[in-house]
């Protein structure tokens, strides 16, 4: 057992920290302002300072690092564990750093899918421009009318008609889709509702301008429209026709591809969330030292101290859990790491939300306002308690696994 | 001891419930839509459906009920305890019902101040149009640079110069002030920084169009600009001159007036928050019955049941505490009810925020969106943990009182 | 609505407080020592100082006050609400005061049952000596092999054989039964397992020395054997024969009698628990003022202050809830007060356990030891989370009621 | 970074698990019964089955494994990280396994002190019989009259008088001391109250039968006297004279030795506590599968599932934190691992107590009784929230470190 980062990771961390200090943090306010001034307020992708940061990130080799595998020329050839350390640091500037490094969801997951399951033609047409950040993408799975935590509930239909597939259905919370630069959608639907539970679904590529495909409105999260990463759209598909070659993998592969997409995405999300929490602790400590009430700085108040200590102790535990899950994915594979991947999904939002709440409280009303990044952070983290199914569903499943494991152990002992 | 509402209260409750069912709830969506369509998006006060509701409320005698005292011709002559029951019901439609009944903060507190401490001229000029809802008002106390929970920190100056007072200072989180119809401001500042701690401050009336008075921007709360009640403005006063007769009470009376304003406001806030929580429980139960996951409605899931039961049990306790505080104010006065008024300030946001969080979680991602009122409710409730000073300050003070009380008891026992 | 105690209650409270200060508190250590010195260590009832306190309580009219009803000559003719205030104060010396006033469980519940459902002969033979504290009693319902929260699970049989009933079964956690002076047992068993769910059970009186009735061992709670109130026994009945006239009520009445016994017992338990919590706050404040660490008393530490404030705020809410439940029982009856009686069962142990935990922590290791009453208090309170069924069962039921109520309201609104 | 145990650890774990299954678990009930039957109820060390287990452990090489360092002939030459895995498993049978392996506190810490700081004579006289489990020892630091979390508060005096030291003072919570076989005490006292804060204290060896040394009583923990590991004694020293050569190290070294003793002890305690939690989860799952209420096993109830999942997720995080602290001690030393050692002291009792509480609740009242090990486990864990100072003191210190670290980072960034 060894808790030290390896040499490659340490180099990347150093490189990341320098990039953050000299380029990303100074650009945060600029990004916000330029975003406000955009003609199309959803076109976050075209904000000038983001372009500059992207150029800088490429120059520094901090580009597409999320793409796994030593043999992957486009990415950094990193393991999940190595990339996890990078993702954490990028989370400290959650709206800017991941995007600057072309490592922002949902494009990362979509690029993984295309990289792993795409045909050469699909890769050339969509993966390559995505890797260059020339276009953006969305992943359309969640539906408004059903509990999406249960994949068999999906109602969108993908029906073959000659040399085309015809899509009908409705989706919402499709992140990134309000951005006019989001030109390609990976859509999950059912090709065969009569097949086995996990062979009913398929994934298909739909271009933005396809007739019958409509983008209705942006969903808000608390009061935020999340324009800085393309919002969350409600979409509909009415007799949308796409060529057969737009299918990813074969018919019925949709559920399997979705599962494969899930593991690394969880690690990324969780590590970035830890970066958010680190930023929050940093802000909380600075504020506590700075603000004086009733004759002494807040940092001398016992209750504030308690929050700071609890934040540190909880976050250290969480980080180790996420890193271990990444290591398991690298060593035994996503499937064998299933329980740990579930565990980090449960643990991360609870811990990070708690820390953010205390950081906000330390700031007084300002902490909820646009003057500090804490309010938008907590709104984002709050959504993680539903994302990919509510925590309660995951806890139920994890408990079932534990009960089975314990039952097995009892039987083994006789 | 008697836990039943009196006859007058029961009548008012019945009247309120009917008003809510037939007029307020149906107007909620309309209000939102008309607000969106306003030319000046801050002029919430001029939304047509609100005018209609106001007329209806007046017709039904549900107007200015907040104004306390049997001898008060303008109000309903209600006790704090009687009005508390009314306030709770109005909280179920928090953005609309209080405004429709001319019972919304901060106008209520401001009308109380004018009613209690204003000169006949001040009453005629500002209280009367406020009671008619012809104008709106704001209360400018909180400042950005200092911990406002400590009133001696106030930095705004009010200096006499001949037959005028000259104001200089900066305020923020001034609720209602973004509304162009908000024409009068009660401003707290220091007339004599050398006086005793609680005699340094005075309150003065400043009209919106006074030279040197600027309204800079609206503060946001978790992404919301709260336009539906006039936002929260950052203001500045630069050599703002107002006539001597705009002072409320005498020089040095500011702290005392602020204290007097506090008690009833707390009761109102807390009871409306309980109404919010009741609405949340209602929505949570409806959703839980309606939504099916993994083969059964959410309302059959043990964890959801646990949330519903906890919500009910916590809310019942909270309501009784607030009602008792109101009763104490009626029977022994605001001062003797001080600990209880502090207690409800501590207990209310914690309980109501918890209930809202569970109601949101029961709704899935939709719960955080514009499709349900829950997200904006939780944003509003979250601010109560800072309003009038962070909870931690109040807990500290309440503990000091308890320690003193116990010490007295020990000494009495010898 | 009126939150003041009535005159009779105020008189009783004053009388109680004087009795506690001058007699009960000074006797606590003596009781412990005399209990240690008893020949039969289970015969708590015979401790000399307890006899003295009983005489004193009688003299002061603080005897059998629990017995409800204006027409009850033996008791004080108090309402549930009036007695609640008395019970709270007695809880401050939980091992001594209730026993001194002949108001300790389980005798109180048993006397109520006999008073309400007993035949004249039963009353003469067992109720009268119980009212005189000449004998003690137990209530045998819980069984080791089944989840007793579900009354239909009861496995003990009561079968008629000629002019006798024959009992077979096993019970545990039968409080008071280890005391040799506990001479009469009310036993719950099934007379007709084929009847309707709630008509299968009957209650019958069994004397301690009946052949076939064995007392096996005392159950411990954490490390306590609870000898100071007769422990908690495991019992068995093997062909135990009792005369027909020992049945309470008729065959099949058992469930109904158990329900009737429940309501007032809950109020008593909860109010005494509030008294425990008050004692804990008192000890916590005294310790915090007294103990110096790192240069200042604990009472100047923010975290300790936070505990004290939270304790006060939570306890005030809880007391009001319990008092309201008592008032409902007085005004609309136990059945209509069902939800509130459930609510106090859920709320009380959670709140009081939290307060005790903080009081203990303020005392350091001593708080867990025999040097302070806090450790045995928390052990007792912890059992309330199971008593009469685990809290989780009650929450589930309360949620079901709430869901039904909300459904009704939705339907009424159309 | 590598989360796998090394080969040596895996071997030891396998060996431990076999020892537990075949020898320790079957002996648990026997140990309890034999303990009850002892003539001197405190002489736990002489229970026959313990002797048999010790012989078995030695045969298997599971003896004195706690002693660190590759060069230590007596121990297993394990690193802290390797031993941590062993300690965890021993914690599953907390009253028996550590003692059977001669790895139980406080003897372990005392042996470490003698091994590291003892003279050859001290080692021969006391370390050797301790390593053979021929005698037992105690560590006397905590005092009743002062907050012991602050070492400068120690009031016991050690004064030189010719060729002897004279001790005067009072200690309590001295674990193991009620055992008549506990023949040697390491006592902390002040040799020079005028020296620097951390040079005032010294440690000295005192034999049990030294005149003037009295053992007064056993302290209880929630009703338990903890006889199965020698209880917790209150002691006094009245002009107790011991030869100069009984001093450990030099005068003024006491604080430093205490600090050195602390780190490994924390790891051991925390890992054993994790073993306790694993046992609790095992019992909780078994009970949940086994117990039926309202028609289905508890393991199908959502709330119980939630507890099981939370238990697993929290415990995995905690274990990683403790293992990392052990690894830091091995790689950078106890001093550099200070914050992590503090963090595990804070995190462990909170997490393990929570899990035990839920395991108990799943068992119903039986969970608090002598029929399951859960009640005595939670009593033991509860004491950890005070041991070596209350958690609040440690949180305060950890927060101060964090604040300083963040301040340094702010300054470094300019």
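Note that the chains take the letters A, B, C and D in the order they are written out, and that residue 1 is the start of every chain.
In this section, a contact is a pair of C-beta atoms (placed from the backbone, for glycine too) under 8 Å apart; a residue touches a chain by one contact, two chains touch by 3 or more.
Which chain is which protein? Per UniProt: A, B, C, D = Acyl-CoA dehydrogenase.
Nothing here was measured: the structure is a model prediction, and the numbers come from that model.
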Treat touching chains as neighbours: how many steps, at the fewest, connect chain B (Acyl-CoA dehydrogenase) to chain D (Acyl-CoA dehydrogenase)?
1
Contact counts by the stated rule: is the higher one at C-D or A-D?
A-D
CA centroids of chain A (Acyl-CoA dehydrogenase) and chain C (Acyl-CoA dehydrogenase): separation to the nearest Å works out as 53
Chain centres from averaged Cα atoms put chain A (Acyl-CoA dehydrogenase) and chain D (Acyl-CoA dehydrogenase) apart, in whole Å, by 43
Interchain centroid distance [CA atoms averaged], chain C (Acyl-CoA dehydrogenase)/chain D (Acyl-CoA dehydrogenase), Å:
38
Within chain D (Acyl-CoA dehydrogenase), the set of residues that touch 2 or more other chains is 301-306, 392
Which residues of chain A (Acyl-CoA dehydrogenase) touch chain D (Acyl-CoA dehydrogenase) in the complex?
1-6, 9, 21, 81, 281-282, 285-286, 288-289, 299, 302, 304-306, 308-310, 312-314, 316-318, 320-321, 323-324, 327-328, 331, 340, 343, 346-347, 392, 394-396, 398-400, 402-403, 406-407, 409-410, 413
State the interface residues of chain B (Acyl-CoA dehydrogenase) toward chain D (Acyl-CoA dehydrogenase) in the complex, per the touch definition above.
301-306
Residues of chain C (Acyl-CoA dehydrogenase) touching chain D (Acyl-CoA dehydrogenase) in the complex
142, 144, 147-150, 173, 219-225, 291-294, 301, 303-304, 361, 364-366, 368-371, 375-376, 378-379, 382-383, 385-387, 390, 392-393
